[in-house]
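Chain naming follows the written order as A, B and C, and within any one chain the residues start at number 1.
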């Protein structure tokens, strides 16, 4: 998944032949497309939230179940991001540096979470690790830990969904890393650890951060897998997205809008953060 | 050859005229087919799957008209909200009265929707306690659910209208003095609810999901609808049912959506369909799917203690009685009237500042 | 970077650890659901796919997804072009908009459509039914996968030196011919990759569709809402079968994606 940061516009030196509606036709189409499909829905959600007045809106934001749901979404996303960043970096490293049997197939499988419907991801995880399975029962009996229908299940689902992000941002950078540097480090006797930390890591760090932020933002908005796997206890295992969904289903549009606005704001801040970070990288 | 060509042309013209006239003549007798949209809650899907063909056959015979059904089965609250939001249902079959009242407030259903002898309720059920096969914890009644260490499963009344039956069953039984260890008063009832909710492990979105969670091995005892229990047993579930001494009668409404039937021109069929749901055949289908029938004749057939009015017209019955379904008598069966009807109960307990909702937030939020 | 053969124990452990993680996370769940599907034999699976409403759900999912992909491909391409090649006020704002569906919780999209086109909504009454009918499903499908094509094409377009296009214009080629003969071949792989990502995203959409479609069997029920309903109805075989079908479809998509990714890497 590539993430693009908008560069300064560069017009073509030679003016293309004018058509009566050329420039504005294209721009109009792009504008209409984006405004109609993105700006309008966002405005609708915000306005609907403010429909009963600002006081009502703020009140709907500070309800304990909303705060709890947003909090749950955030900390599960953070935990997932930490685990996924470590595992993703290691996986990218292994894929680029080593040769091993089945590597090509493994590389293909990395993209599974991009291809499989999120609902199906949830179903698969419940079927594989639910309380009536070998592994699920093991965790329940030994650690008194319920995976599915509790918060570990949420983190598990988010790990599945976010799996490719860090890997796919780090991989290309690693591949293009100067092989000479790697070799010279090896020649002067640097251990693989030193090579990694002093030479490789600084180069891939921006890609790691990008991937991490992307997977974090993605997790905040994840619904399909979480709704299957979480058990939906309000104040305990109900994430913001599931909370919003249940409020919509029950017709509590005020609450749905309020929580949507908060979630959107948090997600926006993260994506803007990614954009700014990338932009700084480009100009560095 | 020209003569043949002419004769051929004439023949074709005459044949076409004859055939068209025949078509017109026969078309005059049969009315155009009609499409009816049934929006129902999820649980009675199989029941309606059997009732609809019966109705289609009946209607075809009565009027010569073919009825095509579009069906949707999702959670009751979801459907109610959807119809209020533009889902053009002709008939709604929901889990509890407030989901229909919402449509009355929205101006879609007329206020006299339930002005029949059944008060608009087409099927019943009761709240019972489902336990693991063999009842390892020895649960006998509501009181056992307040004991320490018992994991209770029940759906979330904040998000699910249908879930409110379960909570009210527990509350009502306690209030009426049928729960050991708690006074037969309001305080006693709330006290019992508090103890019960502390033991609740998972609050699922709706009754079906709640029961599925129980089936998947979570919890020791589930507060469930009787018909959910029967549906689970039929699908191979292995658990026992404990009938409490006191529980609530769950009543499921059906209504014609006036605005949309007039818009679609389906009023006649819709009203006939709703009326059909009270016939013995349809009620027998409900019963064989685990719903307690409201029709007194069918109720009596299934051993329920009801008065059968003497002046009911005879009906030819084609559906068999299901020998696997037995509806035990309940010692103290109360209805929503115990709480002053849904009109009072809904806002008082489940509204913005509803006492039961606040109780759940207090207990579940604190732990 | 040069590939090494793993020689030391730490290397083996690292590789093993990484593969084990992926296996537990993704492979085992897939195998388990595969097993669950075939647990009761072939008959219930065949029954599921012979059911008219299942077939219709699959067809609805497929057709509406194709249309959504076509819309997103066309407009995504135009948007990428406009954002890279044109200079105008509001360009950065427009660009920021593109990322939004990527982090937008999907039920909210369905909710927005309801508020706009539902009964008593901002734009209702409408000429033809939108909510709880096909148009609403199409709208949300377009929304959720909107960024993919644009974001895949933008970097490639940006990296394209304008020399060739300038040369073409000087020689008198029209904008369309220039685009078709010069630009398109360069961005073709990125465009295809974006289309594949879009298709995968769109066919698996559940949250928004669930809010806005009504799940009318044989009408607005899609493959994903069918799975949800089947599992709730205890029709595990049915739910798993369609899940596995979507998974197989995903694997095909995966292979195509991988192939395209290699082509893109080779092109650099």
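Simple rule for what comes next: a contact is a pair of C-beta atoms (placed from the backbone, for glycine too) under 8 Å apart; a residue touches a chain by one contact, two chains touch by 3 or more.
None of these values were measured; they are calculated from a predicted model.
Looking at which two chains touch through the most C-beta pairs, you get A-C. With centres defined by CA atoms alone, the chain at the far end from chain A is B.
One finds 15 Å separating the Cα centroids of chain A and chain C.
Chain B and chain C, compared by their mean Cα positions, are separated by 37 Å. One finds 40 Å separating the Cα centroids of chain A and chain B. For chain C, residues that reach two or more other chains under the stated contact definition are 114, 231.
Taken residue by residue, chain A touches two or more other chains at 248-249, whereas all remaining positions touch fewer.
For chain B, residues that reach two or more other chains under the stated contact definition are 84-85, 209. Remark: chain C residues 1-6, 10-11, 14-15, 17-19, 21-22, 25-30, 32-33, 36, 75, 78-79, 81-88, 91-92, 94-116, 122, 139, 142-143, 146, 151-152, 154-155, 158, 162, 165-166, 169-170, 172, 174-175, 178, 197, 200-201, 203-207, 210-211, 224, 227-228, 231, 239-240, 243, 246-247, 250-251, 253-255, 257-258, 265 touch chain A in the complex. Residues of chain A touching chain B in their complex: 64-65, 68, 130-132, 146, 149, 231-236, 246, 248-251. By the touch rule above, chain B contacts chain A in their complex via residues 75, 77-78, 80-81, 84-85, 102, 156, 158-160, 201-205, 209, 213, 216-218, 360-361, 364-365.
Chain contact summary for the complex, chain B toward chain C: residues 37, 39, 42, 45, 70-74, 82, 84-88, 106, 208-209, 212, 231-232, 235.
Only residues 1-4, 6-7, 9-17, 19, 22-23, 26-27, 29-31, 33-35, 37-42, 44-45, 48, 87, 90-91, 93-94, 96-100, 106-121, 123-125, 127-129, 133, 156, 159-160, 163, 172, 174-177, 179, 182-183, 192, 217-218, 220-224, 227, 240-241, 244-245, 248-249, 253, 256-257, 260, 263-264, 267-268, 270-272, 275 of chain A touch chain C when the two sit together in their complex.
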